[in-house]
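Listed next: structures, encoded as structure tokens.
Okay, so chain A shows up in both of these, paired with chain B first and chain C after.
And now, the complex of A and B:
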């Protein structure tokens, strides 16, 4: 599924000015420990976290992730957005807590139905 | 005159909810003396309320006590902030308290005892000291720098509350004075920790302290500074290799 379709379906707000919303998303990963994301996330995944520190962009570049969803209405730091735009990493925000957005995302990517 | 000072700058007292309730200032100084330490640092979680009592007792036993706080950033990274001047430390404490939400539940997290220089319990801190502040790592390190303190990233080899675990790597613009390795790093030299202790990788000086939560752990890991007197000013010089000051181990 294309990233732009996920953005639309989940009502995400894309907060970094990027042009790569056509990436095909095959998988997702959820973690707030960046060391864990470095160890375990797979390429072209979408990453769900509450961390807003600029290092999330470094990790996304390193692991060739397709984009980052920041949960719970948290806003990325200015430096984070700057880096995201330099590296062309899509940063999206949602007001939903992690549990809910991950549930919806899983439904979308794995083709399961969900209510609400 | 320059000489070697044995320093363990990361010791908790019974103010930290996770520390042993035996960690009273007088007992800490006794233990430091037994282990021939010259300098200790008192760094409780997000508070410095047992610093003055420990300094008073340390003074009598000829052990230099540097006051500090182990602050928790919003990324849940632990940072040691140590100051020569009590006013600087109190200013830092005020900034931390202002951004530290919640109240402690001692049944869940442990007691937060405030002790005087006679080793008597005089009160309890009711804040959620085990919690995280809403201050960013960047902001904390900057604040320590501006107040003239020493900032050290805590136990970077640990899997919890360390900058490496939480943030994956150390952003180069952070003005840390040093990175701390925990006492365990010698025993578990995985390829990961080998990478960690490669100083050139990060370009920060490395130190090691005990992070003692129990009396028996005080001095378990220490760093020897070749300096003129027990102060942050001198330790900073040693860390940057200025004026003949240096870190010996």
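And now, the complex of A and C:
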């Protein structure tokens, strides 16, 4: 599923100005520990986290992730967005808590239905 | 938001009409009889001809005109009575995009090309000329890219020495969380340019990132040096303290001495060293408390060496 479709379906707000929303997303990863993401996230995945500092962009670049969803209505730091735009990483925010957005994302990517 | 421009779009703006047109144009005189046109078109395998009176372009006659003329049974008519008189022309020095636009606008099959200075006819351009030129240009571009890639990935084969090593060195500032990870990402980019296999590249990048993070979190800074040899990549991370009291404990997944603040940011999960170990073919840590830590990892870039045992 294309990233832009996910953005639409989940009502995400894309907050980084330069990004590529045409990447095909096949998987996702959820974690707030950077080392864990580095060890286990797969290329072209979408990453769900509550971290907002600029190192998340470094991790996304390193692992060639397609985008980052920041949960709980947290807003990424200005430096984070600047770096995201430099590196062409899509940063999206949602008001939903991690559990909810991950559930919906899983439903979309793995084809399971969800209510709500 | 920046719009992505394709290579073809770039080319049709960059290339000039004279680079795509057919030169050495065959012409006909306006007083030629239509019946003769068939042979001229057939013999030259063309579908349209400019009509010239001396040096003056007076019209253009095409295979479509010929067919119409034949249907009317008027093959004895002069070309000047059957040709298109309001000729749309293009200048040789115009970009190809102008030709593309004109084809779309007028629906003609061909346009005569005129030299801007002396107004002389220098060529003729059709849609298939444009397509052929674009394909040829794309092929040249592709070849150049392949040569470039070949050069990058064969850099070691081009170097003649008993031993060749490329060295990349990065200074890492301790406690600078804003710049943390930059060395690993710069190393990854540089190795990518060398044409290192992406799988190997990822392992080197992850191991270097974790080593760099350890340096940022726990030390007052240090240096990361990558030694690139034809068959292996060796990364050394050297800092000047505080040192690791119990390396075996530090190697346990989940064991961390990172301060709570740092852990809140998502660092210091106790997975740094285990991650490095997972990525490396060889790993060696020497640490003296109060003096510093030396971490050395080796990742083999050639398959034949991957089965070698640790020495």
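Heads up, the rule we're going with is that the second predicted complex is superposed on the first by the 115 of 116 C-alpha atoms of A that agree within 3 Å, B and C clash if a C-alpha of one lies under 4 Å from a C-alpha of the other, contacts with A are read in each partner's own complex, and residues count from 1 in each chain.
The criterion applied here is as follows: a residue touches a chain if its C-beta (ideal position, glycine included) is under 8 Å from a C-beta of that chain, and two chains touch if they have at least 3 such contacts.
Values in this document were obtained by computation on a predicted structure and should not be read as measured data.
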item: Partner chain(s) touched by A:53 [first = chain B, second = chain C, both, neither]; value: both
item: Partner chain in contact with A:61 - chain B first, chain C second, else both or neither; value: second
item: First, second, both or neither for A:35, with chain B first and chain C second; value: both
item: More chain A residues in contact - chain B or chain C; value: C
item: First, second, both or neither for A:26, with chain B first and chain C second; value: neither
item: First (chain B), second (chain C), both or neither touched by A:17; value: second
item: Intersection of the chain A residues that touch chain B with those that touch chain C; value: 32-36, 38, 51, 53-55, 58-59, 79
item: Complex interface listing, chain B residues touching chain A; value: 75, 136-138, 159, 164-169, 171
item: Chain A-facing residues of chain C, complex; value: 1-2, 177-178, 180-182, 184-185, 188, 205-206, 209-210, 213, 265-267, 269-272, 275, 278
item: Chain B partner contacts - residues on chain A that touch it in the complex; value: 32-38, 51, 53-55, 58-59, 77, 79
item: Chain A residues within the chain C interface of the complex; value: 17-18, 32-36, 38-39, 49, 51, 53-56, 58-59, 61-62, 79
